[in-house]
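Each of the next two complexes has chain A plus one more chain, namely chain B in the first and chain C in the second.
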Partner chain A sequence: MDYFVNVTLTGLTQGMIYSAFALALVLIWRSTRIVNFAQGSMAAATTFIALALIQAGQSYWVALIVALASGFVLGAIVERVIIRPVEGGPELNAVIVTLGLFVAIQASIAIIFGSSFQSFPTPFGVRGLEVGGSTIPLTPTSLYVIGSVLVVMALLVALFRFTRIGLAMRASAFSQEVARLLGVKVGGMLTLGWGLAAVVGSLSGLLIAGGTFVWPAYMDALIVFGFVAAIIGGLDSPVGAIVGGLILGLALSYVSGYAPRGSALVNISALVILIVVLLVRPGGLFSSTTARRA
Partner chain B sequence: MSDLQSPASTGTAGKASDDAPVKATAGGDAPSGPATSGRSFLPQSTLLRHLLVLAVCAVLAVVILEITSPFQNSQLATLTYYAIAAGGLTVLTGMNGQISLGHGALMAAGAYTTALFLDAEEPLPLPVILLAAVVVATAIGALVGVAAARLHGPYLAGATLALAVGLPGLAIYFHDVFGGEQGLRVRAPQSPEWFDGFIDAVSGNSASSTKWLAYVGAICLLITYFFLANLIRSRIGRTWRAVRDQEVAAELAGINLGAWRVLAFVVSAAAAGLAGGVLAIVVRLAAPSGFTIVLSLALLTAIVIGGLGSLVGALLGSALLVFLPPFVTNLGGDFGLSQTEAAQLAPFVYGVVLIVVMIFVPAGFVGTIRLRWMTRKAKRAMAQAGADGASSRG
Partner chain C sequence: MTTIAAATVLSTVAACGGSDDSGGGSAGGGGGGENEASDIGVTENSIRLGAHYPLTGVAAPGYSEIPTGVQAYFECLNQAGGIYDREVEFIFRDDAYNPTQTAQVTNELVLQDEIFAMMGGLGTPTHSAVVDFLNDEGVPDLFVASGSLTWGDEPETYPYTFGWQTDYMSEGKIIGEYIAENFPDAQVGLFLQDDDFGEDGEAGIRQYIDDQIVAAERYTPGNTNVGPQIAALQAAGADFVVGFNVPSYTALSQLTALQLGYDPQWFYSNVGSDPTLVGGLLNRFSEGQVSDASLLDGALTTGYLPTVDQTDNPWIQEFQRIWDECGGEGELTNYRVYGMAQAYTTAQALQAAGQNPTRDGLVEAIETAGSEWEGPVFAPFRYSEDSHMGTSGMSIERIVGNGSEEVQPVRVTDIGDAPIEEFDREPATPPANAIPDEESVVD
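Right, the complex of A and B next:
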């Protein structure tokens, strides 16, 4: 029983991170109809910036804020310089461009920061909390992970629901032409959207790195998990992305916790889940859109 | 696109260059009808023409392999397996508009099959083993293809990415069979006696094992490209292009979209399997670290640089994959980067090239040249027509 609770809590914590990453993908998909395969590399880049600051003696929190800010700048620059020319073009071109970005950023990280494994600190302990004399498998770190993802999600909801900028962003995602006619600076909104998505992606990169090792390709698995989570949710729905992330986190945690030598099966399970979802409901579990045809 | 236009309306072919950035795949459009002008010295029949080209290329391959050093021989052997896989990917992405990031995983299937078969007490003949590699990769490709046929664009890219990340995990899970992280060492097949005699008769060089492997790769490459070239020019190739360019129109014309997409995936998986088999005997190792996502992206880079949909482009792009890394690594060393840092310059260049090509010349190398040539021909035709009109009036 203890073991089951432990595995479930691990799954939920991991699932929150997948949710955040999937949310970043969904934000970009909604605004520009592009799946940003470079999201993982971009997040890895900001994580390495944070690591460099921590190694230079700064506190974790300073590093966190700088990393998120640099994530925003990176996302905005990428949209303006690299994505803008292929926006609205054939989907294959955009996919290839983000894949190119994925390799280029990953290789740059290896050149600048080295390709060895480096340990990344976490601001909180990784030992279980004690409740009434017995240890429960909920660590301060997992509370921090869950809490920070929830805070970011709440901020995003607030931004989109209650501010003018959020309204303008929703308008430009909904219909670029109409939004432009009504005086919304659509280009700026798209840049802002990419920047915000990169912040959320960076956060998930920093959270998954906490307490373990990082290397330039450490986000490769997460880009797949985030994508699978987003697909489960239908790529179009932020709520779907969050639920998808939690479902995937739990499923993968059970596979790795209960199957013999399950940790080697995690990646292939993600593939199986993805294929099953796409075959049963190609639009994802939360999709409301109908098939789009050329 | 342009192949739908009759020769009389070539005046509009200049427009194709404007259309190209909108539809990258359009750049690789091979005219599907037998080209009439400027090719009069070649046979009319596509099969005969391709056989002729095959014979010329075979002679060229022998000449190239005999005048180059053993080290260059091994580089060329590397080139052959990249080119085989890139050729398959060209069919899938260039001809049929489906993207695959999973070809590295399909190559792994071929490589592991080859490694396991060669490890037997009495290994089967090499062609049979390579055929087995093709069959295994084809079976996996058919499975993936059935799922992939319903997907498009980013969905397909994500699903095949999951395949590329997931499949090598099986090698670790079943480590008793596949050797886990260390992978399987491959016993390189010995060159047969007739080969030694052949090399001795042709050039008098010594028939080393490296040379034999390069020849095996070259033979596989020529056979693959001959098959693919014929497929592309056939009814099958035309149907694939129809599915790629006008889904709805193709469906109205009675084409079963899903079945043709699966077929494209199967054909390109077969090529990837053969490429994996050649890779296994050339590298003499089949290990998960050899089939990372970077391999799949490198193949994508090759076909994008060369020009989507062109086999010549795929070959040129593969050559770049082989000869560029040593070049940039040296360059990086000159600029004071350490060995490990310089080794990362190659993927960096792949990525930058993918972005730059897609933004500025989405038709790729061969596609751009072909467009230039078509534009010039069209202009000349228009000038000719203008001159004719003037003379008839005067």
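Right, the complex of A and C next:
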């Protein structure tokens, strides 16, 4: 029984991390209709900026704010300078550009910050909490991760559902021409969307890094799992991203914990889960409409 | 081919005449013959060696320091005249611990850099990807930095490949015997890397304590969530955990155990136990909760080489001098000591291969004389025509702070069901400047 609880809680924590990353993907998809493969290395870049500040003696919170701000700037610059020129062409062009960007940013991190394996601090504890005399694998750090992800999700839902800016962003992403005719400043909205997505991405990068180890490619595995989580959830639903992440985290933890040689089966299982979900609900679990394409 | 060789000789003669008169002079006198470009990668005044290491990525911590140790040793060796007045050139390339990249960089080393021999290529999965290629090409593949049995147990399959460090099976046997003798009531859990490393170690350890083992959990390198595996060891009631894992997974297993409130006696195999490295990785978490190497304090491990904390060991003193004189930035670390010790054995092999070495002659030299070489490694190598296995002995140590203290002196064994024996030979002392002086054993 204890074992089941341990495996479950480990899976939930891990799932929240996938959710954090999936949220960033959902945000950029909703606001620009582009799948951004560079999201992971952009988040890694800002995480390394934060690490450099912490190593220079700044507090975690200062580093967090600087990382989020530089995430916004980085996202906006990427949109203006790199994505904008290819935006008018076929959809695939922009996606391929983000793939190139993914490699380029990762290489730049290695050049600037070195490629060694380093520990990333967390403002909260890494020991499991004591509940009724026994320790459960839920640390203050994992509570911080879970709390932050839920807050970000709520903010995103509010942004898209209740604000004019959110509506304008969705309109710009959905159909640029119509939005422009209705008076929406489409260019600005796209830049804003990239900037905000990069902020959420940076936050997820920092949450994932806290209390564990980072190196320039540390987001690679999470990119895959984050994508799977986002697609399970339907790619345009913030709630779906959270649920997708949790389903994936739990399922992978059970596979790892209960299947023979489970650790080796984790990656394959992620693919199996993805295929099953897509077979049953091609649009993902939380897709609002079917086959809505711009 | 002939033209290329001739061209190389010409260019090196020119270079030699310009800068290195005294060295060139003593070469002719000392060896009794002329230095010749006797094989690929050997010129009149240089020998070129190559290697692959993970300089980036998840396996890089620690391991990326090894080539800097090798380089420092060869630098000092070259300043003292090299091998038969040949300078040793050492070219190493980054494979990021990714077998695909290992294949690529090894191709470059062999075909483009035209190395004479490989030396110290690191990693089981990585080196497995190139061992066939190297043997097909007839490139001596010295001292693979991995304890897999593959490198030495079947010399007829891989005639050019040699192991160096204690193999994982022998290590597992020595650990198993120690637990059986000293912790007969322990419920043992195994934390294993899911490849040859974990398998060989498990096979060795089960020879002695099969009935004490309550769980064997395997992790896949790259999957950094080991929560379910550590939780399973805890659930099985293991109060003594033996890890056959790489250093980053020592850190991950310690962090996960903290989360689970799990506190068994830990025993990390040699590969994963460097206290400075693991402590360095763990020391920045959450003010005061995980400080310095204290998490590893009291953990057991094995040793086959002196470590940097043993400042009164004459080998460490020599290596420290070499690092100060010929090394780069940073401190002397155990990984750099490992690199220097491998470079020392390589120097022995090159000397034994004679004044004008060939690739086949180098292999013959190691098979003929290698088992008699003394050096920083505690126990002798097992090299012969029938075995290319490296050293076979290990001591057992307890980690205290950033160092360790011996709890059981060196014992030696071999793969399979060979017995474990105590080993009472006096430790070798380093020759002058830590430069070996082996006679040529090749005609």
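Going forward, the second predicted complex is superposed on the first by the 270 of 294 C-alpha atoms of A that agree within 3 Å, B and C clash if a C-alpha of one lies under 4 Å from a C-alpha of the other, contacts with A are read in each partner's own complex, and residues count from 1 in each chain.
The rule we apply is simple: a residue touches a chain if its C-beta (ideal position, glycine included) is under 8 Å from a C-beta of that chain, and two chains touch if they have at least 3 such contacts.
Predicted, not measured: the structure shown is a model, and the values here were computed from it.
When both complexes are superposed on chain A, chain B and chain C occupy overlapping space and clash. Of the two partner chains placed by superposition, only chain C is touched by A:Asp2; chain B is not.
Contact with both chain B and chain C is seen for A:Val266 once the two complexes are overlaid on the shared chain. In the superposed pair of complexes, A:Ser115 makes contact with chain B and with chain C alike.
In the overlay built on the shared chain, the residue A:Gly211 is in contact with chain C alone; chain B does not reach it. After overlaying the two complexes on the shared chain, residue contacts for A:Thr10 are found with chain C alone; chain B is out of touch. Of the two partner chains placed by superposition, only chain C is touched by A:Gly257; chain B is not. Of the two partner chains, neither chain B nor chain C is touched by A:Arg164.
Annotation: chain A residues 110, 115, 217, 221, 261, 264, 266-267 touch chain B in one complex and chain C in the other. For chain C in complex with chain A, the residues that touch the partner chain are 55-58, 60-61, 64, 194, 218-220, 222-229, 231-232, 234-235, 248, 251-252, 255-256, 258-262, 280-286, 289-290. By the touch rule above, chain A contacts chain C in their complex via residues 2-3, 6-7, 10-11, 14, 110, 115-128, 130, 134-135, 137-139, 141, 211-213, 215-217, 221, 252-253, 256-257, 261-264, 266-267. Here chain B touches chain A in the complex through residues 21-25, 93, 97, 99, 101, 147, 150-155, 157-159, 161-163, 165-167, 169-170, 172-173, 246-248, 292-294, 297, 300-301, 304, 337, 340-341, 344-348, 350-355, 358-359, 362, going by the rule given at the top. Only residues 29, 34-35, 37, 82, 85-86, 89-97, 99-108, 110-111, 114-115, 217, 220-221, 223-224, 227-228, 231, 235, 261, 264-271, 274-275, 278-279, 282, 293-294 of chain A touch chain B when the two sit together in their complex.
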